[in-house]
Amino acid sequence: MIILRPAALSDISNLERLAHESGPMVSTLPEKRSHLLNKVEQSIVSFEQDVDCAGEESYLFVLEETLTGQVLGTGAVNALAGNREPFYSFRNDIKVHSSRQLNVHSRIHALTLNHDLSDHSQLCSFYIVPALAETDYPTLITLGRLLFMTIFPLRFANEWMAVLPGIADESGRAPFWEHVGRKFFGIDYNQVEYYNSTRNSTFISEMMPYHPLYVALIDEEAQAVMGLVHQNAALQCSLLSDQGFEADKHVEIFDAGPILTAQRNALSLCQKVQQVKLTTITDHVNANSLQTFLIGLAEGNSFKACLVQGGLQGNQLQLSEYNIDQLNLSSEHRVFCIKL
Amino acid sequence: MMFIRPIQKEDLAALLQLAQKTGTGFTSLPHNEAHLEQRIDRMIATWEGGNTLADQGYLFALVDSETNTLVGVSGIEVAIGLNDPWYDFHVGTQVHASKELGIYRQMKKLSLSNDHTGNSELCTLFLDPDYRKDKNGQLLSKCRLLFLAAFKDKFPKRIIAEMRGVSDENGRSPFWESLGRHFFTLDFDQADYLTGIGSKSFIAELMPKHAFYVDFLTPSAQQVIAEVHPNTLPARRILESEGMRYEGYVDIFDAGPTLEAYTDDLRIVKKSRMRQVTIVESALLGEQPLLIGNEKYQDFRAIICNSQVDAAHIYLSQAEADALAVVSGEQLRVVPLFEKESTL
Amino acid sequence: MIILRPAALSDISNLERLAHESGPMVSTLPEKRSHLLNKVEQSIVSFEQDVDCAGEESYLFVLEETLTGQVLGTGAVNALAGNREPFYSFRNDIKVHSSRQLNVHSRIHALTLNHDLSDHSQLCSFYIVPALAETDYPTLITLGRLLFMTIFPLRFANEWMAVLPGIADESGRAPFWEHVGRKFFGIDYNQVEYYNSTRNSTFISEMMPYHPLYVALIDEEAQAVMGLVHQNAALQCSLLSDQGFEADKHVEIFDAGPILTAQRNALSLCQKVQQVKLTTITDHVNANSLQTFLIGLAEGNSFKACLVQGGLQGNQLQLSEYNIDQLNLSSEHRVFCIKL
Amino acid sequence: MMFIRPIQKEDLAALLQLAQKTGTGFTSLPHNEAHLEQRIDRMIATWEGGNTLADQGYLFALVDSETNTLVGVSGIEVAIGLNDPWYDFHVGTQVHASKELGIYRQMKKLSLSNDHTGNSELCTLFLDPDYRKDKNGQLLSKCRLLFLAAFKDKFPKRIIAEMRGVSDENGRSPFWESLGRHFFTLDFDQADYLTGIGSKSFIAELMPKHAFYVDFLTPSAQQVIAEVHPNTLPARRILESEGMRYEGYVDIFDAGPTLEAYTDDLRIVKKSRMRQVTIVESALLGEQPLLIGNEKYQDFRAIICNSQVDAAHIYLSQAEADALAVVSGEQLRVVPLFEKESTL
């Protein structure tokens, strides 16, 4: 069985391997062991703490094959995108320039460095091994985290967001970076993504413009990729969009990848999730009538999620005995489900 | 003989004819009768003392005394930007540096500015192509500084001159193509014409209000910032030799440089001296060409000639004195025409 | 009976009187007859047009006592706040200033001139004669308009807003204007409000700063009134707040009065409104069980609203015969109601 | 006799003692041994040719030859803003005008700028109070311009000097109280100290990044923009008499003016001349005080004296020649000490 569960210290080696595989696509999953260790430790502390207001917590999940203990993917949530420091993005503002005599109101687009999203909760560090890309498990990582956030509302803000990777080629050349960021930094995209994952964000305020950047003056190759998602993240993007996330007017500052945002209450998952009791499937249930459910198991502050086949009747979710065994339920567990 | 005098109401037809000979990039003498007539009226009102500061301006006519024809004009606006705002781009430096990353970047940026509000402006210099010889260009340009030296109290303490920027043979400005075009759907020619008839501020309203980085312009646009059109190079050299300098401001359309100076720093203001007129039968040639002007506000005159001059007198022929509208015993303001010449 | 109905040309004299009474408090109700006439004519055209996308329409309603024909109040809706030109407001942005060496992230507030709200539908021109201030009729004007907007969704944007008057004393001195706008305009608050109601908004881009204004540098008297509503509009403010309108980060540019915004679908009125059939109260209904309803009558593109006592059973709203007579119903009318 | 020489490693103790005598508002000579030692080392490395442009600087010592004590220092930074960004506020003009409303408003605004990046800076002038007499202040200030005239190729073409702004007897700056305090929780004293030890850019990071209007400052803050502290007035007058000018830039903390000039425009650069040393038994007094310096880069010396001078020679006593580290027949650079004096 494959489950989504909080990362543990014993996952470090596996995470290191995944971080290496994932490369620069996942800037919030650093390759450096010490940084990974920090991230896992911070996650453990975050889960342990009782929280009644989103703060510096960051929750890291891993996708584990429970028979072999293999780690096959990751996904994290930051309680606040900008916890100890601002979370920067470019906001695509429209400025109207008016001339009375010429009777013109031109609409001029300009990118403004801002940190409007600092108070949003942030989904990040999504990665799954390529072999599972076509399965339901990307869905597990993404919706599993949303389910976690739904069940523990006090730990998160009301507004959520996810930064998706923008366009970059295999050599790590990102057109938006080449025509924008490079002018200010003079370094490669990979390099700045590494700084971004390992340094605090002060360097952004030091190096990036506080003047709005007029979009019309940005090279067309870079304009063309603004708000476009990297093909590797297309699935992520559609999963989140289906839930109600929308690409607003923010883009990522280095590669101009889309930033999706949503109000918690507007998400379909939040509206449809229900608490259930698990029961064993009775004989007379037809296997064909079984449906796929995402279930989340909360016990105290801990949480895990997995996908199961079952049948829902009222607040009873019927699963196979085998599945129920695997879940290792205790009487303390609260179980939540949502039909996929 | 060529001499300078104030523009007159009767000059309208000649001025209109002259305006026809200008081309793209010469914004301040549009071929537009109503506009030119209004301009002449405003200049005359200034000389007659009837204008508020915002409307004061002077226009000088270069006249060929043989034919009594107007062959060139040059002007001074006394205080710009007091009716419509006066815009240019300030070329500033911005440093982005991060000690931790070990990165230091120095970037040029352009910001819309009204910093020259209230300054005087040297403007509208145009000389009939047939007369582009014999120091006529020098006279037309420098007579303004001589006038300024004579009537300094009528001017603010700083003076500027906008130099025409680079454009190609089709009138395309690389700077406009890279910047203005994105904010405005006009061609450079049209924008240029609107500017000439005083609509510059309308256009400026549509231009980028926030500072932007030079690095985001095309290379050809970057190259022409603060550069003048090849045809304007002589005019630039004249003003620079007189003490005007590019100080980091450029035109918002073509990025031509704004030259500027404190009037007190102008060579002609510092070095011009008063000499008494002595009329001689046959004037001897002195050692250097001199710029000579009278001190009559409403009947200002200026000429260039190689007169003999000593510590107190200047020796003129009757024709020269006539051109200058002076008689023996009157005072004239005299300065070597060129910077390199020795002082008086 | 008092009803809310579209303004007609015959209302001009009455409107002129109201505009004069209302004074500078209602900047979008100009005193000048020619401007009022324009406004009424524009409204008539707007109602007549078939509209499938919010545009330049502006709808003006009057509150009429039907027996005497007296006009007792007004309320308008602009399909788009900035129809032919931008709608300007100040956005209260937070800028983070970071210093690595000092390990400081200061949060600096700054007001930025913007036109983010141009694509919102706008409630405006609210006025009611003082004698009715304490009655239910202010509610009729405000909720009646919201009902109209709900019933004709294609005529409006999904996001709605209302600019409420900010703090000004009886002599027309507004502290925010004194310390901010006056520096740029050099004229009195009443004067600029008059320009604002009669001129196009180009003068705002000509006169107002495009640089952010640092709040800390604004005089404290002016800071203190930012986002505060004038006492005369307190009722308006609470009516809208009850419906789900919220004061976001925008304030009005001249007096810093609050700007309330809402998503249509989030408004309680939109969620609760229902289409009904009117029937006559049967004898056995107890008068004590009658409740107050806001009803809206739509016929083609026209609309009127009033308050009635009635009883709702399923989709049947039972009214007294007297009331039903007064409504002048035709078979074309669609009737909507909401319990207050 | 008082003379100028380069700072030396052995001067540290004396410099530290001197630093103790400075007060608030004197940011560049903090009483901090490590900082001062580092400063001396950097200066010496510059004279020895070992520094990159960003780190080059000169510090001159005023020495009383009677007692061989250091009684004052003055410095030049060669190129500012190449390590940490150099910040000041540019005082610009913004015009808001509406033809339709008939309103025209001219407003001053301040914008954070790095425009002086790469310029030279006159800095760190401090003279022991006991020695504030006998033109010692003139020597300390002007010796730098003489050095610059002698070694012009080692400097960029523009030079600036920041003048201390207005503060009251308690060290409170009205400008800081009205602006900086809102963006920063430090007192002016502390901000000032951090600036002195090179942390100015840290503070600038917290200052307003967008232009703001002078009208929003308190009246007392508005009044001190570009004004100097009364104690700094003499220093300002000295530099202005040498051709430096306020050109619209002020300090981000106290709004003291930045004076600036092209080095070529400095009086001492334009007017200084070379003269050959002739040693005389008893030196006759000339008609005016002269600023005299040698042309030795690593052993630069300068003095003030009323020497006799003719078209080719300068006549010095042995003591004067010793102070200048020259012997008979060597060349010295000579200029009248004051602007008003006649030229050589």
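We just call them A, B, C and D in the order they show up, numbering each chain from 1.
The rule we apply is simple: a residue touches a chain if its C-beta (ideal position, glycine included) is under 8 Å from a C-beta of that chain, and two chains touch if they have at least 3 such contacts.
Note that the structure is a prediction, hence the values are computed from the model and not measured.
The greater number of contacting C-beta pairs, out of the two interfaces B-C and A-B, is seen for A-B. Farthest chain from subunit B (centres taken as the mean of C-alpha atoms): A.
Subunit A and subunit C have centres, each the mean of its CA atoms, that are 40 Å apart. A straight line joining the Cα centres of subunit B and subunit D is 36 Å long. Centre to centre, using the average C-alpha position, subunit B and subunit C are separated by 56 Å.
Averaging Cα coordinates per chain places subunit A and subunit B 62 Å apart.
Shared contact sites, meaning residues of subunit D that touch two or more other chains, fall at 97, 99-100, 205, 209-210. For subunit C, the set of residues that touch two or more other chains comprises 97-100, 202-203, 205-206. Contacts from subunit B toward subunit D in the complex involve residues 81-86, 90, 92-95, 97, 99, 104, 106, 111, 113-118, 201, 248. Against subunit B, the residues of subunit C that register as touching in their complex are 100, 205-206, 210. Those residues of subunit A whose C-beta lies close enough to touch subunit B in the complex are 95, 97-102, 104, 106, 108, 110, 183-187, 195, 199, 202-203, 206-209, 211-214, 216-218.
Every residue of subunit B that touches subunit A in the complex is listed here, in rising order: 96-98, 100-101, 103, 105, 107, 109, 178-179, 182-184, 199, 202-203, 205-213, 215-217. Listing the residues of subunit B that touch subunit C in their complex gives 98-100, 205, 209-210.
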